[in-house]
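Paired with chain B in one complex and with chain C in the other, chain A is shared by the two complexes that follow.
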Partner chain A sequence: SDLKRSHNSALSLSTVRHEFDKKFAMHGRKRVKPSTEAERQRKEKEAVKIKEYSDLVAACLNKKNSKTFDTEAFNYATKILSQNPDFYTIWNFRRNTLLYGLLKDAETDQKQEAFSNELVFLQALFQLNPKSYWIFNHRRWCLENMPYPDWQRELELVGKILELDSRNFHGWDYRRYVTSKLSMKIADADDENNNNSAESLTESEFNFTTTKINQNFSNYSAWHQRSKLLPSLFQEKNMTEDEKKALIDKEFDLVKSAIYTDPDDQSAWLYHLWLVGREIRHISVLGAYFDPKERGIVLSFDDEIGMISPFLVSHGSGNNNGKVQGDWRPSGGIFKHDQLNSDRLYGFVWIFTPTEDISNSSTLTVTIDPSSIVPSHSESHLMQTVKKPVINILNTDNIAASSENYASIHSNNVVAGSLIVPAPEILSTITQERTELLKREISVIKELLDLEPDSKWCLQTLVNLLNELKYASLLESNEANLLNNEIVSCCDRLIKIDSFRITRFEDLHLSHNKLKSMSFLANLINLREVNLESNLISRIDGIRELRFLKEVNLKNNLISTFETVHDGLLVDDKMVSSSRGDQEKLKIHLAGNPIIAANISSEFH
Partner chain B sequence: MSSTEKSQELLSELHVAYIKSLDTRRDDLEYWLTEHLRLSGVYWGLTALDLLNNVDALDREEVVKYVVSCQHENGGFGAHLRHDPHILYTLYAVQILVIEDAIDAVDIEKIVEYVSSLQDPTTGSFAGDEWGEIDTRFSYSALSCLSLLKRLDAVDVNKAIDFIMKCKNFDGGFGSTPGAESHAGQIFCCVGALAIVNSLHLVDADLLGWWLCERQLKNGGLNGRPEKLEDVCYSWWVLSALSILGRLHWINKDKLIEFVLAAQDPESGGIADRPGDVVDVFHTLFGIAGLSLLGYPGLKPVDPVYCLPKHVVQRIGLAERYHV
Partner chain C sequence: MATHPSPAEFAREKHVSYLKTCLEILPHEYESSDTNRMTFAYFCLSGLELLDVLDSTLTPERRRVWIDWIYAQQILPNLDKPAENEQLCGFRGSPFSGSKFDVNGVRDAQLPVDAANLAMTYTALCCLLLLKDDLSRVNRPAIINALQYLQNEDGSFSQTYQSMESDIRFVYCACAISYILNDFSGFNVAKVLDYIKKSQTYDYGIAQSPDQESHGGSTYCAISALRILNRIDEGLLSKDKTIFWCLSRQISGFQGRPNKPPDTCYSFWIGGALKLLGAFDLIDFDSNRTFLLTTQSRHGGFSKWPPELNRFAEWIKYPSDLLHTYMGIAALSLMREPGLVDLDPAINISKRTIDRLINESVFWRE
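== the complex of A and B ==
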C-alpha cells in the first residue's frame, strides 16, 4: 500500500537522519575548527541537500495550505519527519492527513493497519531521537485513535526504552501513561475483581522499581517512581497500620542497603528523608486582646506571619454571628523588602480596626483559618490538618483577661515528606513512636558515619533527623540544647567537607529556630505569660512596660547578659524581678541559656 | 591573548557579533532544519543582546514585523511563518514585543483568547496546542504570557495552581505532569509560575533550595537532576529558581561564573552547553542570563521569573515577585 511504501522509504532515510542528528543536536557536540577547504566541501554538499529539503518543505506546506490530504502529502511528511522529527507543524499536518484524507472513510482494519505502521515508523525514529516530545506525542495520538491499541505491548516497549536509558524521563512519563491506560482497561474489563486486578498493576510497577533500584542504586527516577507508588499501595490494599508499618520498615531496609553500598549517591538519602517525614511546625498565637485606645483587636503570633486573607472577626462568642467590618494591618510598620512576596505584609503583631460601631458587643471573636497564614519559613508548613482556633476577646476596658487569651494552632500530625493533602499519611501520629523511629534511624546513620566520616549526605541527613527529633519530642531544654550542639558540630564538619554550599550550612543552624528578638512583645500590654522556649533570643527585651506579665519562659535561648533587667534577682535558673511593688513578681525561666552556664548569679543579689 | 586567558572574562562584543550573524547562515543545512526554533531564537538572541546592552543590534522594525507575521487568526503564534500556533511560541512572541515595547502591534485580546482556550477547566492544566499535550512548561508559558499582558483574569488561576501542586514531588521539586520526576527546567517553570500568582508559600523553599544547590558539580557547573552532566542552560534554570526562592547564595558563585565563561567560543563568540562544545544562541542567552543573576559586571539585571531584563518588567509595571 502507499502508506507502507512511504514508511519504508522513511526507514532508509532515517539512517541519513542519524548523521544529521549527531551534528545538529543542541547538546554535546564538540567544537571543531575545520579547514577552509573542508568547509567549502561541506557547504557544497549541503547546498544540494538544502535545495532538496526546502523544496520538500515547500511542497508539503502547499498541500497543507490547500488542505490537500492525499498520499503524496503524507509521503512528503514522512520524508521531512525522518530528517527532522522536531518539525511539529508537519506532525500536525500528518495527523490531519490521516484524519481527513487517507483514513477518512476507512474500514476498521484499514485504520488498524495504518496506525500500526505509524507505530513502526515512530519506533524507527525513536532509535535516533529517544528524547523527542513530538515523537511520543504522536505515538500517544496513534494509540488513542487506533481501533485496537495493544497497551501490554507498549508496556514491554517502554521496558526496553528504560533498559537502554533508565533515566530517560520521557520513557518514565510514557510508562505512567501506558500503565494508567492498562489499569483503566483492566477496570473496565473486570468489574468484579476490580480491586485485585488494578492492585496488581500498582504492585507490579512497584516491583519494577525494585528491580531497577537493585540493578543500580543510583537510579533516581526509580526511587522517585517508588515515592508515588508507595502511597497508592497503601490506599489500594486498604492496609492496616501494622501492615503499613511493616512495608515501611522494608523500605527502610532497602534504603539502608543503598546508602551502605554507595553513601555518595543522593537518591536513597532523599528517599530516606521522605520516608521519615517532617513534623509540621506549629505557629502559636501568643496573645490576643482588645485595646480600648486603638479601639481594636491586637493579635500576636510567635512567627512573623503574612496574611493571605483577613481573619474573620464576628460579634459575640463563636463565629456564627454577624461579621465585623474592619481592616487588618501588621503593627510596627513591618514591611520587609526581602519577603518572598513584596506585596504581602508580614508581622508578629496584627491589629484589627473595626470600621463599624462595636460598642454593643461585649465579646468579639476572631477565627483564624490556618490556610490564610503564610509563615516566614517554609519549614512551618501550612497546616491543612489543623484545628481552627477561635479566640474570644472581651470588648471592655476592664482587662481582667480570661485564660482563653491564648490559643495555639497545633497539629499533631506528621506528614511524610511534603505530601500535600489528600495524600495519605504514611507514619503513625503517635509522638512516642515517632521519637523511637527517629532515634533508630539516627543510630543507623551514625553507624554509617563512623565508617564514612566524610560522607556529606550522611551528615546532612543526620542534621535533618536531629532537627526532627527536637520537634517531635517534648524535650526539656537541656536535651534540646544538646541536640542543637550536635547539629552545629555537624554543620561545622559539612562546611569543611562541602565548601560550595557553605552558606547553606550556616543558614541551617539558624533556620530551625524562629525568634531572634522578643522586642515585639512590647505591643502586648495585657500579656500575662509567654513561652519563648528554644529560640535564638539573646537579649531580654520589650517586657519592661508589661504590667500584667507574670511569667516568661526563655529556656534554651542565647541570653548571655541581663543589661535590660537591672533589678533582677536570680534564683536558681529563674530570675525574679523585685521592682514591681504590689504586683506579683515576674518570673523569667532561663535554664539552657549561656548566662546560666556562665554562672553569673553570684554577681547579683 | 591565549584562549585560556580569554575565558576569564565575558567576551561581550564577540557574543553580540555572534547573535547578529545568526540569520545569515543560510548556507548551513542546520539553519533550515531548525526553522521550528526561529521565533525562539529571536527571543533568546534579543534578550541576550539587551542584557549585553546592545538591544539595537537587531533592527526593531524588522523584529516586530517578523513576530507579527507569525501570528495566526486564532491569536496564537507559530515558530515561524507557516508553522502552527503553539503556546510556547506565543509566549516568545509576547516576550519579544515587550522588550521592543511594541505589544500594540498585535491583537492582544486574541492572544488572551488563545491562551485561555488551552486551559483544561477541570484540572487547571494547560495544553501546548489543540493536540492536547499537557506539561507544566505550558502552565508557565500561559501565566507568564497573561501576566505580561496584565490579563491573568482570563484564566482560572486557582485551578492552575492546583495542577502545578499536583506535580510536586517527594524531593520538593516539580515535574512536567503529576507523577513526573523533578527536573530543573520544570522546577523553574513551576516556581516561576507560582511566583507570578503570589503563591510561593506553597513551595518548600528549604527542601527545594537544597535539591537545587546540590546541582552544582565539582567543575562548578550545574546539572538538571541527579547524576546528569553539567550544562550552561541548567545554570539558568537552577539559578533562577534559587534566586526566586531567596537561596542564590547556596551555590558557589565564583566557580559557576568560571564554568560559564569557559564555555564561550573565544574565536567566534557564543556560549555552548559546556566548555569545548559547539555554541548556540540558546546557551548563549542562558549563560549570559545566569551571569547577570550572579552579578557579573557590565550586564543588565535580569528578572528570574520572566527571564527578561528587569528594566523591561519594571517598565510594564509588574511587581518584583522574588526574594531580593
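== the complex of A and C ==
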C-alpha cells in the first residue's frame, strides 16, 4: 500500500511535469508566446520546482550512500523519474531498491502486486513518452522478475501501441521480445500437446503482419517483420521444397497487389527485391596480354582481388608443361585486412614478371584457381567451380596487346551465414526454375510499366531482373546482347526521369583532348573549375547557368566569338572576366585564341 | 497564398546567435535531459566551429573555464581502490548526481549512481578538442579499460555500466573514442564486425540491433564505425546495395526510414554515410539544400520539419532545437556550403580539428 501511494503521487506529479516535458523540444510543438506577467509567474514556479528537485536528488543520494533501500528511497526515485526520466542511474537505483529493500523477504503475492504496480506506473509514463528506451527496458525487467508475468496481456498491449503508431520501432522490438517469451512459455509446457501451438505463434505473428500490411501497404515495419518471420516459418514447419515455393509465390502475389496499388511506394519494391534476391556475382578476367616492354603478363579483373596463392604460369599451351618461375604483383595495389584475417594486397590489375628466360616459349599459359582468389565484396564469395580458367598468351614482341580467351570465373553467391535471405534459398539451386521466376516477374513488372510508364521503381527493378537474366545466358550470345539493349533503354528512361542525379563534377581537367565543343558542361551544375586548354573549341558555350563556376581555362583553342555570360563584361588582352552580381567574378583565360589575336578592346560589351 | 515563413537563404547570423545564446544558457526544455548536457555543449561548439566563428567567440578565460568544467565530469579510478570503480571511468554528461565539483575529476564514484556514459565521453573529447585542449588531463588507460565492461557478448555496447540499453549507437561511440585516444585495445573488434553484419536487414540498410528495421541513424553509426576500423568492405554484406538504400532515402531532404517524412538530421546521418561510402556525389544537392533551408527557424536554428499549412491556411511552425540545428549545419557543410568549414564525416567535427588532434594532442603526436 506504501508502494501504491507513491505511484499515485507520481501520477499527479507527472501531470505537473507536462510543463517541463523536454520531449517536445525535440519532437515539435507549436510555441505560444507568453505575456511578461505569465513569464514572471512561470519563473517563480520554476524556482520552487528547481529547489524541490535538488533536495530530492540529495535525499536520494543519501539513501544510496547509506544503502538504505526503504520505502522513502523508493518514493524519491518515483518523484525524480516522473520529472526526469533520462536520469538513468535512478532507474538502476529503483531496481535495487525493489530487489534489495522492499521485496527482499517478500511473499510471492507481495512481489506480484509490487511488480504489477510498476507496470501501471510505466503505462502512465508511456502516454507522455511513447518512444523511450527506458520504459521498455524497465518493463522487461519487471516481467522477468515477477512471479506470474502475463505475456498474453503484454502482447495485447503492444498491439495497441502499434495501433497508435505502426512505425514505432520500440513497439515492434518489444513485440518480438514478447512473442519470443510467449513461445518459450508454450514450449516449456507439455511438449506433446503444445508442439503445434509454439509453431503457430510464428504463424499468428506472420498473419499479424499480413493484417498490418493489408491495412496499409506502406507499413514498412510490417514488411520488415515479415522478412524475419518467413525464414522461421520454413524452418519450423519443416516445409518441403514445393511447400516453400507455394508460400513464396503467395508472397509475390501480396507484393504484386501492393505495387499495383501504389507504384511509388518503396516498401513493396524493396521487399520484392529481397524475394527475388540472389544476385549471382561473377568475377571475370577482363583481359590478359603479354607486355613486351615489361616482359611480363598483365591480367585484369572486374573486381579488386587479393591473391591467396599465386596463379600458375606454365610454358606452352595447357598447364601440363613446366612452370615458369616468377612473381605476381598488383598494379597500384592497396592493403586491406580481409575476411580471412590477413593483411593482403588487392588490385584490379595483376602483373607477372618471370625470373627465368622465356624466350624459347612462344606461348605461356596462366591457370587461375578460383580458390586462390579473395574478392573485395563480401557478396561475391567464390566457391570451387568445375572449370579452371586457362588463358593462353602469346609471347611475342609484335603484338602489343592481345586480349583473347576471356575467362569467366563463375561463382555462386554464398550468402554470409543465414542472416539474410534464406527465403529464396530454394530459388537459387535450380537454374531453370530461377530463370522461369525471373521471366515471370519481368513480365509482371512490364505490365505495370505499361500502365505507369514513368515509374522509376518499375524501371529500376526491371534493370535488376534483366541484368540477372543476362547471367543465365551465355556471355556474348545473342540473347545477352538483346538483354543488354533492353537494359540500356531502361537506363535511358531512368536518366530522363531522375535527371537531377548526375554525378557531381567540381574540377575537370580536359586539356589536349581534341574537343570541338564545350556545351556538355551545361549539365555539370556544380562545376567550379574546368581546364580546356589546347582543344579545338570555337565557341564559349554551356556555362551560362553554372553558378559555382569560378575559372575556365580556354587557352589555345579556336575561339573567335563569344556570347555574354552575364551582364557586364570586362576584357583585357589575356582574360575575359564577368561579374555576376555580388558573387566572385568568373575568370576565362583566352590567350592563344583567334579572338585575342584580333585585338578585341574594352569597348566590346 | 501566404509566403513560406522560412528564410530562403542560409541565415547564418541567426544560427550563430542561436548557438551562442544556448551556450550561455539552455532553454528550460532541456532541463530533463540534463544527463545529456555534454552533447548539447558539443552541438553548440561544433556548430560554431563549422560556422567558422568559434575562435572569435571564445576568450582565453572562457576557454579555460569550460575546459575545467569538462574535466570536472571525468570519472577517474578511485584513489585507494582503483579496481572498485573501473567500469565507471570516462566522462559523464553533467554534474547531475550531485557529487562535489572538482576540476581534477571525480575520484570516489559510487556504483552505480555516478557513472560515465559512452556518448558523453565521446562528446566530451570532441568538446575538449574544439576548445583546443591537448587532452593531457584525459585518463586514457581508465577509459580504454572501461570499454571491456561496456561491450556485451554479442559485440554491442551499453552506454553505461549495467545499463539495459545497448545497441549500435554506442558501438560507434566506442570506436570514435578509441580513434581520438589512438588506442583500439579496449574491445573485441571481431565481435563488433559480427554485430554490424547481423544488424543489416534484408534491404541492406543497417538497424540499431539485429531484428530491427534499418534506420538512417544506425546506418550512419555502423558505417562510421567500420570506416574508423578500416573494415568497410568486410563489414558490409553489399556496399552497392547499402549505397542504394541510402540514396533511396532522399525525397527532397532525407527520411530516416522508408515512407517517413524527410527530417533535417537525416541529411547528415544518411549524407555522412554516403560520404564515407564514396557515393555522396550521387545525391541531389539542390533538393537537399532547398529542404534544409525550409527547416530553418526565423529565430535561429533548425527544426526537424519545415512549417506546414493547416486547414485554415495557417502555418504550423516547429521550434528549433540544438540537435537539428547542428545536423542541419553539418549537412550543409558536407555539401561545402560557402562560409562553412569542411567536416570530417567519421568523427563529426571539423577537419581542421582532426588535424589538430593528430598534430598536437598528446595521444597522437608521440
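To be clear about the criterion, the second predicted complex is superposed on the first by the 325 of 605 C-alpha atoms of A that agree within 3 Å, B and C clash if a C-alpha of one lies under 4 Å from a C-alpha of the other, contacts with A are read in each partner's own complex, and residues count from 1 in each chain.
By definition in this document, contacts are C-beta pairs under 8 Å (C-beta built on N, C-alpha and C of every residue); 3 or more make two chains touch, one makes a residue touch a chain.
Just so you know, these numbers come straight off a predicted model, no measurement behind them.
Chemist: Does chain B (first) or chain C (second) touch A:374, or do both, or does neither?
Modeler: It touches chain B, and chain C stays clear.
Chemist: Once the structures are superposed on A, label A:85 by its partner contacts, choosing first (chain B), second (chain C), both or neither.
Modeler: Once the two structures are laid over each other on A, A:85 reaches chain C alone.
Chemist: First (chain B), second (chain C), both or neither: which does A:167 touch?
Modeler: So A:167 meets both chain B and chain C here.
Chemist: Considering only the touch criterion stated at the top, classify A:262 as touching first (chain B), second (chain C), both, or neither.
Modeler: The answer is neither, since A:262 touches no partner chain.
Chemist: Which of the two partners, first being chain B and second being chain C, lies in contact with A:47: first, second, both, or neither?
Modeler: first
Chemist: Considering only the touch criterion stated at the top, classify A:203 as touching first (chain B), second (chain C), both, or neither.
Modeler: It touches nothing on chain B or chain C.
Chemist: Could you look at A:479 and tell me whether it touches chain B, chain C, both or neither (first, second, both, neither)?
Modeler: So A:479 meets neither chain B nor chain C here.
Chemist: So chain A touches chain B in one structure and chain C in the other; where do those two contact lists coincide?
Modeler: Correct list for chain A: 20, 24, 26-31, 46, 54, 57, 61, 64-65, 83-84, 86-89, 92, 133, 137, 141, 167, 169, 172-173, 176, 218, 220-221, 224, 227-228, 266-267, 270-271, 274, 337-339, 377-379, 417, 419-420, 500-501, 503-504.
Chemist: Which stretch or stretches of chain B touch chain A in the complex?
Modeler: Residue positions touching the partner: 27-30, 32-36, 78-79, 82-84, 86, 129, 131, 133, 165, 168-172, 175-177, 179-183, 195, 198, 200-207, 209-211, 213-214, 216, 225-228, 231, 245-247, 249-252, 255, 265, 267, 272-273, 276-280, 282-283, 319-324.
Chemist: Which positions of chain A touch chain C when the two form their complex?
Modeler: Answer in residue numbers: 17, 20-22, 24-31, 46, 54, 57-58, 61, 64-65, 83-89, 92-93, 133-134, 137, 140-141, 167, 169, 172-173, 176, 218-221, 224, 227-228, 265-267, 270-271, 273-274, 336-339, 376-379, 415-417, 419-421, 500-501, 503-504, 525-526.
Chemist: Which residues of chain C touch chain A once you look at their complex with the stated criterion?
Modeler: 27-36, 96-98, 110, 112-115, 117, 159-160, 162-165, 197-198, 200-203, 208-209, 211-215, 230-231, 233-234, 236-241, 245, 247-248, 257-260, 281-287, 303-305, 316-319, 321, 323-324
Chemist: Okay, in this complex, where on chain A does chain B touch?
Modeler: For chain A paired with chain B, touching residues are 20, 23-24, 26-31, 33, 43, 46-47, 49-50, 53-54, 57, 61, 64-65, 83-84, 86-89, 92, 95, 133, 137, 141, 167, 169, 172-173, 176, 218, 220-221, 224-225, 227-228, 266-267, 270-271, 274, 306, 308, 337-344, 374-375, 377-379, 382, 417-420, 460, 499-501, 503-504, 507, 511.
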